[in-house]
Amino acid sequence: MSEKVKTIAEVVKTVPDGSHIALGGFAIARNSISVAHELIRQQKKNLTLSQSVVGLETDLLVGAGQVKRLIMGGGSLDRFGPVHCVNRAREASREFAHDYSSLSITFRYLAGSLGISFIPIKCLLASEILERLEAGSAAEDVRRMKCPFTGEEYLLMRALNPDVSFIHVQIADRDGNCQIDGPTWSNEVQVKAGNRIVVVTEELVPTEVIRRNPERTIIPGHRVEAVIHQPFGGHPTGVFGCYDYDAEHLKLYVNHSKRAETFPEYVKNYILGTKDHWEYLEKVGGAKRMSELKAVQIQGY
Amino acid sequence: MSEKVKTIAEVVKTVPDGSHIALGGFAIARNSISVAHELIRQQKKNLTLSQSVVGLETDLLVGAGQVKRLIMGGGSLDRFGPVHCVNRAREASREFAHDYSSLSITFRYLAGSLGISFIPIKCLLASEILERLEAGSAAEDVRRMKCPFTGEEYLLMRALNPDVSFIHVQIADRDGNCQIDGPTWSNEVQVKAGNRIVVVTEELVPTEVIRRNPERTIIPGHRVEAVIHQPFGGHPTGVFGCYDYDAEHLKLYVNHSKRAETFPEYVKNYILGTKDHWEYLEKVGGAKRMSELKAVQIQGY
Amino acid sequence: MPDVMPEAQVRATEIMAAAGARELHDGEVAVVGIGLPQVTAMLARRTHAPTLTTLLEIGVINMDPKDTPVGLADSRSFYRATCWSGFLDIMGMNLHRGVVDVGFLGALEIDRYGNINTTLLKEESGKIRYFNGSAGGNDVASLAKRVMMILRHDKRKLLNAVAHLTSPGFVGGKSRQELGLRGGGPHRVITDKAVLGFDSDTRSATLLSLHPGIQLDDVLASTGFPLQTPKQIPLTPLPTAEELRLLREEIDPNRVYIT
Amino acid sequence: MPDVMPEAQVRATEIMAAAGARELHDGEVAVVGIGLPQVTAMLARRTHAPTLTTLLEIGVINMDPKDTPVGLADSRSFYRATCWSGFLDIMGMNLHRGVVDVGFLGALEIDRYGNINTTLLKEESGKIRYFNGSAGGNDVASLAKRVMMILRHDKRKLLNAVAHLTSPGFVGGKSRQELGLRGGGPHRVITDKAVLGFDSDTRSATLLSLHPGIQLDDVLASTGFPLQTPKQIPLTPLPTAEELRLLREEIDPNRVYIT
């Protein structure tokens, strides 16, 4: 097998403009920050992003103007604030975002991960969410139907299959076998629905470590195209068992993101102004700050 | 919460004749033998059994004449032989079994576990399996349909929701939180599709043990109606990490099961002739035999 | 410490938490969010509902945090769980499966039929401002057996028509069956002034109790839709001394949510 | 030990395993059963296809057993796996997802179009005898990119019409697309006498090679359907000395499957 361990820059170079990308974060947890930054450095354009619950990584890409279409279930930065950039983009164009719910996006990924092109659900019915989807460009992704067995009314949704799914994990081996610590929200189906799968890992471990707990392997290596080893790759979001979210930096981020005029300054200082994630980490406090954020083992944060 | 820890006899008493039961075994692995035996002792009648891959537990119940309908994907006793009793019953009546495949039964459980009443699949098409289903009493459970989004032809199947799902696990706590060691075939969806869920566990552990590896909890306690603590409850099938299958007893079983005339003798000697699973274990070799079968920790068998 | 505190010393959020907790029964399954819903569930677990099961959409069952989380995505809310899974298990194999008794939802706006808006607001200028959207809100509203709403009592939040119907209640006063929805729909609205329920015939919001010290006129003036009111209006019970102790000393000692 | 063994010393099962292994390419994903398919995959992994991924339907990826399992359900086949999951992952999120390159299937009967019967046999008396049924067989036949069949060469097993079409090949000589099936369908039939392929036009079984020492007449007499045969019939290569060493000393030292 060709070597799968690559740098973020190498991998992002292979992502064409206009791709449909699914990032694996949730609000301020386990975001693919290192990937979002590199997508910005390489100025990828006209991206479609899909996600059950969007967070910082997606707010960054939308704020940087690289996203054409957002397929989302919802999102926030928890108590640190809303996803201001995403919300501004939704305000600017009613067609920018296809709003669903957490479960309906997850079901669309489930269908994609199983290779079935549609799936029924009992959500979104009798809501303005569905009315809007049916009235806009998402109309081709939804259909109402009665169950042929029970006669119950359902919404059928088209499977979601991202061109590239990214996931940030605690440990992976060189073949791409990866294991996650903590809850996994929609990660398994979001990733397995992807036509290409890229894993960013905090720790690169020998396969022997994987074999010790094979039931924890959430994505098997044969599905994985590339493995990126990037410690603190999720900063400033938290990675359970590795490090806590960086409250100070999240506040700083929101202070920039809440106004369109101040956001570019954040991108300039912390992303375009740094050549890679290591330089970014230095800029936000380096080893000292990372050590402060490092998780206490028993509690995981 | 009322005490969930019960005896097998107590729980089986609450299962009405004619129930649809799903047992959690696969061929000669992790079978709910203690449950099958008690269903026989209490002479439960007209049962419907569903299972992705049937094994010893189901062969026993069919051989004892307590099963009216079997919904199956396939089955065997691995190299020890076929499921003779099941095969004889299929030979006696073409309507006895609804034959599917492993994945199609698993998808029907998946739909049941998610609370969707139907699910599409790309299997069984262009096969005599489907022709037979459509021609018989299973016709009401299958429909052909084109995907409204892609136009691709699919088979729609009705969700499976057993009245009671049983599962045999390595560890569970008194609330029913349970964790499985080794592969889980269709256990998660088979159990979560059940309207009632009963867990039989080799070890009853404090909840603190569950909290140590919450990602391994395959069935959360709030779904579980009853917890039965029955060491060696899977004998003569194997339970990974606990004990190996009992090759000698499996051969003895097949020597009885291969002919209709000799099978009742097995039921009489080992099931009706024993008042509970402890007495059964004595009959098949007691502590000495169980110690021989006990797994070597590192290898799990 | 007297068995019931003089109301002056009791915060509205404490009354809300106690009122919410009383709606949760032992052995039930609840989907909760971080904030007052989680505080409410914790209070119920530590008083009359020790076996209440709490589900977090993100994939956490029976969290037992020792530090106060800032949200669902905070590792603090994963602590000492009995199960870590994900949306497919929590929202699919539990909520969509039909085993969730109670769902707690916050709201930007609600109307008399318990329809919820968490997506956008229309400013006087006509400008539309977007917020978080549904996340699990529509799923919970569609599927939970009972939906409990917790929000500030303000006539710009409780109004005749929501700016966007994100999560359905009794849309247009219709029954859930007519709407093709499985869940039982709106059950309670717990505000900082009162507890509302829904009339079984009209399916419209009705006043169940006033918090101690709150006047009916105040509530009516703060409610943007016509509110059915009984002749005799009971008072929302104050939290017991033990409930207050739990809230203040154990559940939210840093007053992150009990503000 | 010479590089190629004199054929007299080579068992048919060893030739079958080596022939099967040659059909597996490095980096591919194969659904295997226990027995010759697993032996074949192991041989490929230890020779030219070190990164071949093996999937067991039950939920085991890249098993590395140190003791010979008696079947899928034998704990010995769980040993040292890189992933333990289940049907939904292996057969759903891999096979149905379309990422499985090769599927191995055994059979009671097959016909010229690679249709497989694993369900029942009709005896001369007319009595029907049932066997294991499909299990994952129909799923693999429907969805894998290439299907490899391994069975004993016997005209009662390779015949004009199977007693029950459990798993579809090129049904009635139709294309997979016409049949509404995703997988590529039948690719090879490996028997104890020969290796068969399928004609790209007629989609009917064709003789690709004879095992050393086997006569064409023998194969034709043992085949219950008309078999397309080329003018020049190549010999199936014998296993190399290293392949034999691996099979005999490492992969199946107790001769459980190499019989």
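In order of appearance the chains are A, B, C and D, and numbering begins at 1 in each one.
We take it that contacts are C-beta pairs under 8 Å (C-beta built on N, C-alpha and C of every residue); 3 or more make two chains touch, one makes a residue touch a chain.
The structure presented is a predicted model; accordingly, all values stated were derived computationally and were not measured.
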Chain D and chain B - chains in contact with each: A
Result of counting contacting C-beta pairs for B-C and A-C, higher pair: A-C
Separation of mean Cα positions, chain C and chain A [Å, integer]: 29
Centre-of-Cα separation between chain D and chain A, whole angstrom: 41
Whole-Å separation of chain centres (CA-atom averages), chain A against chain B: 38
Per-residue multi-chain contacts in chain B, two or more chains: 115-116, 121-122, 152, 182, 184, 215
Touching two or more other chains - residues of chain C: 81, 84-85, 88, 92, 96, 182
Chains that touch, pairwise: A-B, A-C, A-D, B-C, B-D
Contact footprint of chain B on chain C as seen in their complex: 26-27, 29, 50-51, 53, 61, 80-85, 88, 92-94, 96-99, 182
Complex contact set, residues of chain B against chain A: 115-122, 140-141, 143, 145, 147-150, 152, 154, 156, 158, 180-182, 184, 215-216
Chain C contact footprint on chain B (complex, rising order): 1, 113-116, 175, 177, 192, 207, 210-211, 214-215, 217, 220-223
Chain D partner contacts - residues on chain B that touch it in the complex: 26-29, 52-53, 55, 72-76, 78-80, 82-83, 86-88, 90-91, 99-104, 106-107, 110, 121-129, 152-153, 182-189, 237-238, 240, 244-245, 247, 295, 299-301
In the complex, chain D residues that touch chain B: 34, 56-60, 66-67, 70-76, 78-79, 81, 84-88, 91-92, 95-96, 118-120, 127-139, 142-143, 164-168, 171, 179-182
